[in-house]
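My questions all concern the structure below.
Order as written gives the chain letters A, B, C and D; numbering starts at 1 within each chain.
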Amino acid sequence: MEAVIRGVFSAAFLYSALRVTTPILFAALGGAVAKKAGVTNIGLEGTMLASALAGVVGSAYTQSLLIGALCGIATGLLISGLLAYFAIKLKAEIFLTGLMMNMIASGATVFIMYMLTKDKGTTTKLKSLVFPQVPLPLIKDIPFVGEVVSNHNILTYLAFLSVALVWFFINRTKLGIRIRAVGENPKAAESVGINIIKTQVTALLICGFLASLGGMYLSMGYVSWFSRDMTAGRGFTAVAAQYLGRANAGGTLMASLVFGTADALANVLQSLRVPAEFVQMIPYAATLLGLVFYSVNAKRIRRLKKLAK
Amino acid sequence: MEIKKIEKTFDGLRLLVAIAISILFMLIVITAVSGSPMASLGTFLFGPFQSVSRIGNIIELAIPLTFTGLAICIMFEANQINCAVEGSFFMGAVIATAVSVFLPLPFGIHQLVIFLASGVIGGLICLVPAILKVKFQANELVSSLMLNYIVLYSGLFIVNRFLVDSQAGYFASYSISRSSKLPPIVPHTRIHFGIVIAVLCVIFIYLVMYRTRLGYAIRMAGKNENFARYTGISVLTVIFASQAIGGFIGGMAGSIEILGMYRRFQYTASPQYGFDGIIIATLADYKPQMIPVAALFLAYIRIGSDILSRTTDVPVEIVSVVQAIAVLFVASKLFLNKYKQWAIVRAAKTKEA
Amino acid sequence: MDNTNILEMRNITKVYPTGLVANNHVDFSLRKGEIHALAGENGAGKTTLMKVLFGLEKPDEGEIILSGASVSIHNPIDAIHKGIGMVHQHFMLIPSLTVAENIVLGDEPGKYGVLDNRMASEMARTIGQKYNMNVDPEDVVADLPVGIRQKVEILKALHKGADILILDEPTAVLTPQETKELFAELKGLRDKGHTIVFISHKLNEVKELCDRITILRDGKDVGVYDVKDVSEQKISSLMVGRNLEVNTQKDPVEPGRIVLDVRNLNKENESGRQVLHDINFQIRAGEIVGIAAVEGNGQKELSEITAGLEGFSEGDITVSGTSIKNKTIKEIRGMGVSHVPEDRVAVGLVGDASVSDNLITYVYDKKEYSSHGLLDRKKIAGYARDLREKFLVKSKDGTEAVRMLSGGNMQKVVVAREFSTNPQLIILNQPTRGIDVGATEFVRQKVLELRSRGSAVLLVSADLNELFELSDRLMVMFDGRITADIKDVGQVTENELGEYMLGLKKQEGM
Amino acid sequence: GTKADSTAAGSSAPSAADTPAAGDKTEEKGLKVALLINGVLGDQSYYDSAAAGMEAIKESYGCETKIVEMGSDATKYEPTITEYSESGDWDIIILCTNTLKEILQEIAQDYPDQKYILFGARADYENFNMSNVYTVDYLANEGAYLAGVVAAGLTTSKAEGMNEEKVIGFVGGQDVTVINDFLIGFIEGAKSVDSDIKVITSYVGDYVNTGKGKELALTQIQQGADVIFQCAGGAGTGVFEAASEKGVLAIGCDADQYEVLKSMDDPLADVIATSVMKRVGVSIERAVGMAIDGTLPYGSFELVGVKENVTGIAVNDNYKTIVPDEIVASEEQAEKAIVDGTIKVSTALGMTTEEVSEIRNSVKP
């Protein structure tokens, strides 16, 4: 028990919470952009998975991190593009299309991995590269804060930076306004000459881009190889985080942090004398509670507003 | 009527082209991987019909798919995108095992009690997202995705804590008791009594949807909740009843699968039949009577690729890609639309003339 | 106005995927600087034709000639580039964006992809001043009343440089005063050289505003006329292909016992605003009580509360002596209350369900329509067929989805369902909004039939003609209060009513 | 260092394959051997090890081999096994694990002429007529016991990367018997060195989530663990990553994972102090060899462990560099004691869930 308490109140715990949050945050931000355009992308899981493999393969065969990253991003765009083609262009049910993308990614990654390495489990045979960890100058010397904030993977910083970028993009850029218009009232957007399909496809591609970074973080940051189904439900969690955060950048950040922290907590709690199954439930239960809490809170705010008037 | 016929023709055509495209894709993959592509393709396409037992395999696999397809059908028709059927199926299987192992009852009654128990638990699970939605406006898609994990781990806990047979040597429960098994009904296959229940369920859901007040309420409220409120159709009843029925079927499906196909409970992860149900329901266009057809189709390509991977070098994983391609094209409303529009214009014009 | 055509649509044919031929070899032309009316019954193909012109629908045949050259318009961008703007009947605004953002949407100012908010506001202000339509660019559209939204819509089109402006039933949601203001603005636009297409079912408006008129019937055009040469009578007979009795014949009916009794009704809405203040009135059997009010003055709330869709804070409502307080809608309907809602598409119908399914809502749960615990399909189909025939719903066999019907026919489905339950009290909210003369007349006839059979009718309508024509008594609402109760409808002028509606005047003792 | 050899030379088992005789057996072409696994390849341990054994059979005896991955859907096992039995194309069908045992017990009687080898399980010869089935199972707990001895020795030593605390870690795939069999042996071995030793146990929940594997290991390291034994299949690779990042040691599972990773030039290999080996492939190769010689005792069961050199720990270059001599010595001593039967290692097979969790909880920090 002591160990747990020590664990939770340590810099290492907060550090790991940020680390666990990173892939979810990327994907959830991507989901938020898609959602703003009126598309609930449930294919985040597959997008992440495919990019995770592509980044590994790309960097392994070229020994260039940049090319590896570009391969990962291109794959993220490809999956999102496929999703867009079927859901937006051919008007297949978006929810189903997302599920199918996950299915394709799950099968195709193993297939490709097997073709390349004759291994269906992991790509440890491939000598792939990883994104570097970066100590933050000055900040790294501040006690505690430095331990929590510094020396993260460069993608972790990028994820948190993306929150601001996504906010700016959605609220301040022309494309962002168009995306919101399309999401809120597609017919209206169309009537002023905005191409709904193009806008939604763009939003999905941005989503794919962000999700691909999340995916690559798993295989080229978190660990240094790809293994089958390594996303392990993070894409679905990202959908939940995006929903909890009302598809707003700030809200999505908060929700992702809640989940990341719950997940990190679950890891620490494993050493408690609680059945492992219950500990493994924690992140999901936390999200579910988050959904409930959120609505209770929204109700309270409404009531307060009413009183104020 | 003319137009309806064209639509029907094109829906059929779309199905055929979708299947053709996915087979073509399969052929490309096979050619890339295998030495004798045509023979391999033959294995994929005709292998499933080569013996009674293989045909049996298709039908065996179609049974759980039919159930979850039906469950999804009624739940989604009420416009509740609730994926908790996945959890219902898993927990249904767990509860079925528990009752089978710990509650000795005579043959016949035993099965009924198990169906009831796992159905009820399945229904309760699917009600959770519904309640959260009604009480807290929590999106049921999101909450059900999270709930599935919670149910999975709870189920594993129950098995691990109360049901696991430590003599088995692997993660498995005690053996399913003889009195609760669903006996096979076709010789040389494992097609079990569950198929009869599946057929009954199809008829039941069809009748519920189209011949009962509840079904009418579900269809109307599912398509327009405002309308339901305004005309006095109880939306709450629709939500709760549809989720409870769907969950019941999902839970019962879990028990039928365990009693018909397994010696012991041995899932360590959810078998995903709940998500498969979504595929089935889409392929069947949410028509209960078409659910078994869609289930058989999906089962057929799965068995085909199983055989393929067993007999050739083609990895079995590729089947998920083939399936997804087929489903995507079938579900693409505008696929081949140009030609359809052309046919409709022509028909309309000839009528004018 | 010169007589050269700036736009010609030739031989346009549009077939919808349902196989319905919405435009059948239609010719349509516009002269520079005219206001051109496009008239026709519901489903005649007006909207479709304009959607083709604006690039929202692809024609299956035909060509469009703009300023003498054949052009192809694939999408609204093409249309906008060619100087065509369209104001749709249903608002096409993004509620969460500001007026300025809505106006510049599609063609936003700013560098490097970043929106320049100041510039956008400036542009919105300038264009508003130029056309004398004042709106605050910083307002969020969600907070604006409909009249202002209509202006924003027009400014939006003008900002995009529309020379040809299409207005699809712009007056359907406006008050008389707002309509008047709009007409002044439209005439101003014409004088500045713009060409306007005006779609409306209100023929008096067409007469007042338009120069020429094209009439569609059943997807075909039946001709172009100078408006001054054709009477309203003539227009409507061209539209329907027969002569129409425009003035409703109203038989005297002696009002009976009190059916609806509203006492001290108060209502606070979600955000805490008092939307109804001490409402008191009764309606008797065989009596039609009309409510005239500018949108947003509590009439909608009143009708929805009476129908049980919303609760209320204080007071009581009884129907034939029984209070509706804490009753479910089903129970209230069981008391003999019917309701035709304001929005037929969003509330009144299930678009994806069949016509028949939309008709049987109140009988499917009745004993006589089931056998052995299952619904008796034959009987139900028979019931639906009877209703379709009785209410002249244009539908092949009732199996097609309601969304495939035109607006007027959709309304007939709602009316058929609601009128056939033998209501003691019926609440009508905009019963003829946006439907053509023929359908309108039909619905009004049915309302009078109900009255003769002894139903109490609460009629909320933005169409003053309708109120005058149908009401036995007229009440005016302003700011959540009843400000006038006019017992003798014949005695009040339209102008006087307008003053009550705008809160300029209040009846003694109210 | 005989343990590091990849040839199987069980001192008591009848030996035919102890000397790899690649050249002279190839003439005896014609034996067709199929391996049916209830999973998919790529776990870099159990199934892959079996697959390597098949490869060796092909090389050494010139057999025609085939591996069938039946996946995780248990409903497919029975029809597949039946189909292969029915076809009569295969001289020997090899199956594995207890999961397939129950199916085989029924099928084997229907095909008396078909020969089967079942490894990783113990068939019930009393109740089923299985004169055509040879069964072999492994004492994984014995290997894990030795790993426990090494781990405990390391954490209490001054070896590089070792801290003051007497804490070691175990990361399992799932809380199930096969995995817990390793755990029980590991704990027992560790406690034999120092009864105060603490073992932190975590389960990933599956065998694929590498990220989670790493995260759990990092948490354990943070709580003071400096030697972590992973039994989590693919997810276990995350444990190595964590160890490498934090400068502590790890112990691999099933195969000699140091050699596996080293052969791929993977720097992670260096953190793997040793691996608990279950030389599944070796036992298959040995069995098929005996079958060719006609000496395989069909209709009987063999239990092989440290004594037969099928389970044990990997003694490789890394082990020799990392592990101080006195620990090597105590490990060798424990090994001897197991071989001569003075040490009896407990097994999770047959333990209830409570019993397992009691043992697990008793050593939690």
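Just so we're on the same page, a contact is a pair of C-beta atoms (placed from the backbone, for glycine too) under 8 Å apart; a residue touches a chain by one contact, two chains touch by 3 or more.
All values derive from a computational prediction rather than experimental measurement.
Peer 1: State the smallest step count from chain C to chain D, taking one step as a move to a touching chain.
Peer 2: Minimum number of steps from chain C to chain D: 2.
Peer 1: Once you count every C-beta pair in contact for both, which comes out on top, A-D or B-D?
Peer 2: A-D
Peer 1: For chain B and chain D, let me know how many angstrom lie between their CA-based centres, rounded off.
Peer 2: 37
Peer 1: Would you kindly tell me how far, in whole Å, the mean C-alpha position of chain B lies from that of chain A?
Peer 2: The computed centroid separation for chain A versus chain B comes out at 29 Å.
Peer 1: How many Å are there between the centre of chain B and the centre of chain C, using C-alpha atoms for each centre?
Peer 2: Taking the average C-alpha coordinate of chain B and of chain C, the gap between them is 44 Å.
Peer 1: Specify, in ascending order, the residues of chain A that touch 2 or more different other chains.
Peer 2: In chain A, residues 110, 114, 120, 275, 277, 280 touch at least two other chains, as defined above.
Peer 1: Do you know which chain D residues sit against two or more other chains?
Peer 2: 40, 69, 175, 205-206
Peer 1: Which chain C residues reach two or more other chains?
Peer 2: none
Peer 1: Can you identify all of the chain pairs that touch?
Peer 2: Here the touching pairs of chains are A-B, A-C, A-D, B-C, B-D.
Peer 1: So in the complex, which bits of chain D are touching chain B?
Peer 2: Interface residues on chain D, with respect to chain B: 40, 68-69, 71-76, 78-80, 82-83, 97-99, 101-102, 121-122, 174-178, 205-206, 348-353.
Peer 1: Which bits of chain B are touching chain D when the two form their complex?
Peer 2: 51, 53-54, 56-57, 60-61, 153, 160-161, 164, 166-172, 190, 257, 261-264, 266, 268-269, 271, 306, 309-310, 316
Peer 1: Sort out for me which residues of chain A touch chain D in the complex.
Peer 2: 2-3, 6-7, 10, 12-13, 16, 19-20, 23, 110, 113-114, 119-122, 124-125, 127, 218, 222-225, 227-230, 232, 263-264, 267-268, 270-271, 273, 275-277, 280
Peer 1: Which residues of chain A touch chain C in the complex?
Peer 2: Going through chain A, the ones touching chain C are 172-178, 180-181, 184-185, 187-195, 302, 305-307, 309.
Peer 1: Mind listing the chain C positions that touch chain B in their complex?
Peer 2: 15, 17-21, 24, 60, 307, 309, 328-333, 339, 341, 346-353, 357, 360-362, 364-365, 370, 373-375, 377
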